[in-house]
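Read through the structure below, which is laid out as structure tokens, and then see the notes.
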């Protein structure tokens, strides 16, 4: 494990000093307050070792990274029936595009674009009160991350709720096609709140372990999902995890991963490691600039690309 | 190697008997003549072992699988400068769509949709006569497949040239945006002919070895491409190799691969194997129905998914 | 005036007996209750004569025909500044499409598609309470129709408000681009209610007189709008008044007109007549089948096409 | 007729002095050579009077204005069967867009966008040699304009043929959908040549008389088309004659008209006049800047808008 810790430290040293950082997301006012100079990284390996550096213990808004966990819950509830309501293809459009929904009659392209995550939230909600669904999401995170302190940042949730007109449009549009079964406001409530969950890099890397290690929770050995489901979620992260920059990310980094506009990225090295990185400056597609570069360097130095040595 | 041979034989037995086979491509008249009952499979592993079954030695039209090889040549000629002319993102559209070209001003989404492969053919052509470029493509295949008998099926090339109006439209459209530098007819000539290359499963699996084994030609140890380039081509195959069905293929099979409307698929297991499968019946996205199912079963039984055990 | 009355009677006789009537709009549940056999027609000429036939005094939901009147009010409030927020071009899409809004950054193509009418409603609302804006719209109709009994059908308004998810999506989407200045719910409230205004053919034909007669209110001689504005509203009706069927309507009928999914159409013969027709069966574009045919016949028999004798 | 001549002279004086003229079309190299300072205007009225001013006798490339005449010929050949191959709706896209063709399976929106005019050229060609079809088009123009000197500018035709990749793309794309029955090169040959017809304002205004005067050739009284067909062509000019600026032109000018990228516009005042104006500077939609302004002023001063006095 020595080697990984050395690589992680080098990467943190290099990127904390980097000046080119992109732009902090401004469309959610509360997110615009984050210090753009932040940089954290953490990797958890199969032996349980945890290597971290930089601001790895400062919580940030995980935003769309949360969609990996709600997808896991929705598949647990209704299994492959989910795919009647959401596709599994890259969208070829930005994360909040509504064009594809019109052409494909209310069926979002995949569970990681906003429209798809709203359908997933609708499945998780399943007729319960939003609070109940959010409690279930948090309990799931507490379990997979071995950390009960993870919670929702209410200020971010409110900020998003007050300004998220495009998401309100997407939800109502899907409802018009009958692809939401709970009241639109409730689905949006669950969505805005699970995006506002705050985690730090260590917590996020811990939470991703079940995807890296064949669906098992390493501490207890409990099966979180089947090995096949873990593989499939990883495949979706690879093809759809970075919106319209997914192909480029696969080309450069070669790891299944999911980004969020809070600047966090969760990356999976199947069989080997779960990694979280955080740097709030974003590129034009809404993905963390330094986070992507750090993962590219880490995958290269460790020989971790899934596409070959 | 015993085990792999057993699995391959089981798969061939199962799928040769299967009735649900999709439709043979009819838009190229010559392809419509193929026997829909054909099924061949071949896998070549790191130790040089070759396991094949079914119609593995009957040649078929590799069609779009050839785009993997022309991409390799174009990257060899101009390197990353290629990415100023072609993107690296899944298209979210069918293989012959022209819509994206208009919205993105003549820059195709990726090198595996038809428009992207035309830009790649333009790079390979590089001011030479079409015959010269086609000779270079064939020599490359002879080398990587260790087989000098591979050649172009002229009847298929003529058939495609006589009916390929959408490809003529795509090429002229890109030319209007200045994204072809050779005469349109020459680029189309190269494209129609490299799509008409005939190979059998054994030849195709052999040809794919450099992608499976870190860019090296296993017989001679010669470097065909750098390990990094092999990884990157694999990444592109994973995200874009099956047109608008790429996400679904990654989800079900979990291997970088490239399909063609002749019913062939080349799949790569990084570090472990190069696989070719052929069955001419296609699904609605233009991918081989039984070929996809056979690869799904093979990846599962051998534990070969790149997304985890 | 004899002749016109004869023609009107013939048309009413012919179309009341017609079997092919299209489909009553079902997406607003309350509208689905209307008797599909209804047919009414009324024309008011420059000399003040009123010729009507059929169910010309049965009120119906004017729906999108109301957009002509809200446009008139919005132009009265802010004049050409309206065109910074709404275009003047046919949309090439269906009335409730959201695709164009994404490509053109929240600026609707014209004031008669739903998105454009929401922007117009926002201008009419102008910071007041929805009730105030609706009062103003009704007072305007009472004045131009010389009839104080025109009112809103609250059951239709409620029905639309309960099911109008696509309109909610459109409004939120425009709000995301900053193209609504009042709260979304208020704009939608005004929109759903002005679409739910109930009028009969006589009232509607009377209300359209200012567009036929150079912007003047014929009874009092008062100027409702300038002659130029009347011409311009007529031009918008001609090019955009029938959604994606506007070109066909101009080709067949040759009169500026505006249809609604309640089955009503207001048509203007500049300098000569204001016509209202009502038949609730719709074609695929949401325009009244028999209403269109009746206007085609009327324009032909009277020589009223604006495109030549 | 005195008054019209005065108005025409005023307009010519005003616009010949105007500095803001837009840009000469550069995408056809030969057109870029035209003097941007040119301005000509001519109106022919029902009594046969001809009022002209400025460069009214200098020939220019009529370009898309020619589509009005080929449409007339195609309707003469196959009548309403034409509408199975071309629509009658404004396109909502630029004149050379290919997007709509993909979504609507090779059926162009209307006969005035490039794709639609190619379908029309295919109908006019009708299995003959391109020369025969072009001869027929010229003879038609000689007849309706009473002027046998009108001819094709071969230099412009060659220039367009050498650079018209987007039109080649459109034609091949339609051919792929079976919406061209003659060889693509022949259809393109006819198209490029009829667009390259050179006429001056007097000739063009004379040629448009049959549309203004109920389908009759005023000099001989011969019926060129039925009154109904003249009305319908006028309707198409109004809704589709200025590409994506048709709505705006109807709003401002209020006359059926057709523009070309050579800077010419033919405008029809049903029952009253046929007008041609020419100024080569274009706006962003490809319509003559000063030509549009001149027609707006002329329609206003003469009270000629079809939308009311």
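Lettered A, B, C and D in written order, each chain numbered from 1.
Here is the rule we go by: a contact is a pair of C-beta atoms (placed from the backbone, for glycine too) under 8 Å apart; a residue touches a chain by one contact, two chains touch by 3 or more.
These numbers come from a predicted model, not from an experiment.
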Graph separation of subunit B and subunit C (steps between touching chains): 2
Chain of greatest Cα-centre distance to subunit A: D
Averaged-CA centre spacing for the pair subunit D and subunit C, given as whole angstrom: 32
Interchain centroid distance [CA atoms averaged], subunit A/subunit C, Å: 47
Inter-chain centre distance, subunit A versus subunit D - centres from mean C-alpha coordinates, in Å: 55
Interchain contacts, given as pairs of chains that touch: A-B, A-C, B-D, C-D
Subunit C residues touching subunit A - in the complex, by the definition given at the top: 97-99, 101-103, 165-166, 168-173, 175-176, 184
Touching residues (chain side subunit D, partner subunit C) in the complex: 87-93, 100, 109-110, 211-212, 214, 227, 230-232, 234-236, 238-240, 244-248, 250-251, 254, 256, 270-271, 305-309
